[in-house]
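For clarity, chains are labelled A, B, C and D in written order, and residue numbers in each chain start from 1.
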Amino acid sequence: MIRVSVQREAFDIAAEIGALEASGVGALATFTGIVRGGDGVTAIELEHYPGMTEASLSDICEAAQERWALTGCTIIHRVGRLDVGAPIVLVVTAAPHRAAALEACAFLIDRLKTDAPFWKREYRGDTALWVEQKASDVERGQDWDG
Amino acid sequence: MIRVSVQREAFDIAAEIGALEASGVGALATFTGIVRGGDGVTAIELEHYPGMTEASLSDICEAAQERWALTGCTIIHRVGRLDVGAPIVLVVTAAPHRAAALEACAFLIDRLKTDAPFWKREYRGDTALWVEQKASDVERGQDWDG
Amino acid sequence: MKLVYFARVREALGCDGEDVDFPAAVQSVGDALDWLVTLSPRHADAFADRSKLRFALDQRMVKSDALVAGASEFAIFPPVTGG
Amino acid sequence: MKLVYFARVREALGCDGEDVDFPAAVQSVGDALDWLVTLSPRHADAFADRSKLRFALDQRMVKSDALVAGASEFAIFPPVTGG
């Protein structure tokens, strides 16, 4: 069971976990990314490529299901303007065993960072700056290929 | 911020995540263990060592906080009789960065399986059998020492 | 062909896309960029640093040696930064 | 010293603990087991396979060579199976 969503609205973590829990599994892992403050950042804004983004999130989920015995995986990513402290991305994986759930969860968020067409702009008051891709994210993404 | 609880009652995943979210982090990871059916299992019963169990869960959280830059970690483990499909254990980790949150979450559940004094009995109808420790769990626990 | 731009590229060009007819010599994504930079100073500026550009043909990520023939949508954007 | 038992060990002994006075020769956890198995057939049975036993002194996990002197609570139980 794969579910992906790109949305402006907040997500309901408990509902998303509950949906996969109902599939009768032994292990559920989640990752939630939250807009980080610091360095004067007051908000961010996320742009995406409608259509390609959803397809790429589905592809990442399918790749995870090929590598691990999962009963489900969910990726929800928000777009638009988000204040510091707001949840931005949710990954949920369900599997009979914990190693599969935990590893797939890490894989999904790492791959999302390198493969899914989202672009982040940081606001410091009225000043907006595009965020540069981190070399460490690219390396983590490639680690799964080794 | 460390929180451990050994309890009969169900836990509220959203509330536990919310509590750590409020600490102003960038990444939250969770692991939820659910009572698995199959092989005729209808329910399980968990026994623990009051006092030592809580202390050992706190020790495991402290060990994680020494290894990773965490802003918080929570372990909730249920005891008593639980039906198939019931959530049994919850681990939540919060950190500025995702690698710390994800790795610490895996570490906590692996260590809990080898270090925390819980014992599980499986019911198949009226027949109860103690569960044997898995060699694979012992190995996963030791992998973190390498 | 329909070109679409995102993020910093969209802002540098001042539009989120345009329709172009590539000359016959344009075969690969790289060729397309060589031609696009000749269109205007804005194009030249937006596509100056190719290490900061990524490409998709019909919504599939491709490298600069991919052939553009047959694609109906060609996207040019910076490295992605979601999550 | 206060002995406490859990899970399969508790069931094998039919009680969740007992108070014992170890003889002077009992120094380590291993010594304690050597003496405990002489108490009754039930004890002999419950502690027969030491590879299936784990120990805690004052609620800290210890190996069988740990010294029992000074501890007030001595727990004997099977390998743990939580999570």
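Some observations on this one:
The rule is short, and it goes like this: contacts are C-beta pairs under 8 Å (C-beta built on N, C-alpha and C of every residue); 3 or more make two chains touch, one makes a residue touch a chain.
Just so you know, these numbers come straight off a predicted model, no measurement behind them.
Rounded to whole angstrom, the centroid-to-centroid distance between subunit A and subunit C, based on C-alpha atoms, equals 26 Å. Centroids built from CA atoms put subunit C at 49 Å from subunit B.
Put simply, the C-alpha centre of subunit C and that of subunit D have 73 angstrom between them.
Among all residues of subunit A, those that touch two or more other chains are 33, 98, 109. Residue positions of subunit D touching 2 or more other chains: 83.
Viewed as a contact network, the protein chains form an open path, each link joining two chains that touch.
Listed by chain label, the pairs that touch are A-B, A-C, B-D.
For subunit A in complex with subunit B, the touching residues are 12-14, 17, 21, 24-37, 85, 87, 96, 98-99, 101-102, 105-106, 109, 140.
On the side of subunit C, the complex with subunit A involves touching residues 4, 6-8, 10, 56, 59-61, 75, 77-83.
Residues 33, 46-49, 51-52, 55-56, 77, 88-89, 109, 112-121, 130-133, 137 of subunit A are the ones touching subunit C in the complex.
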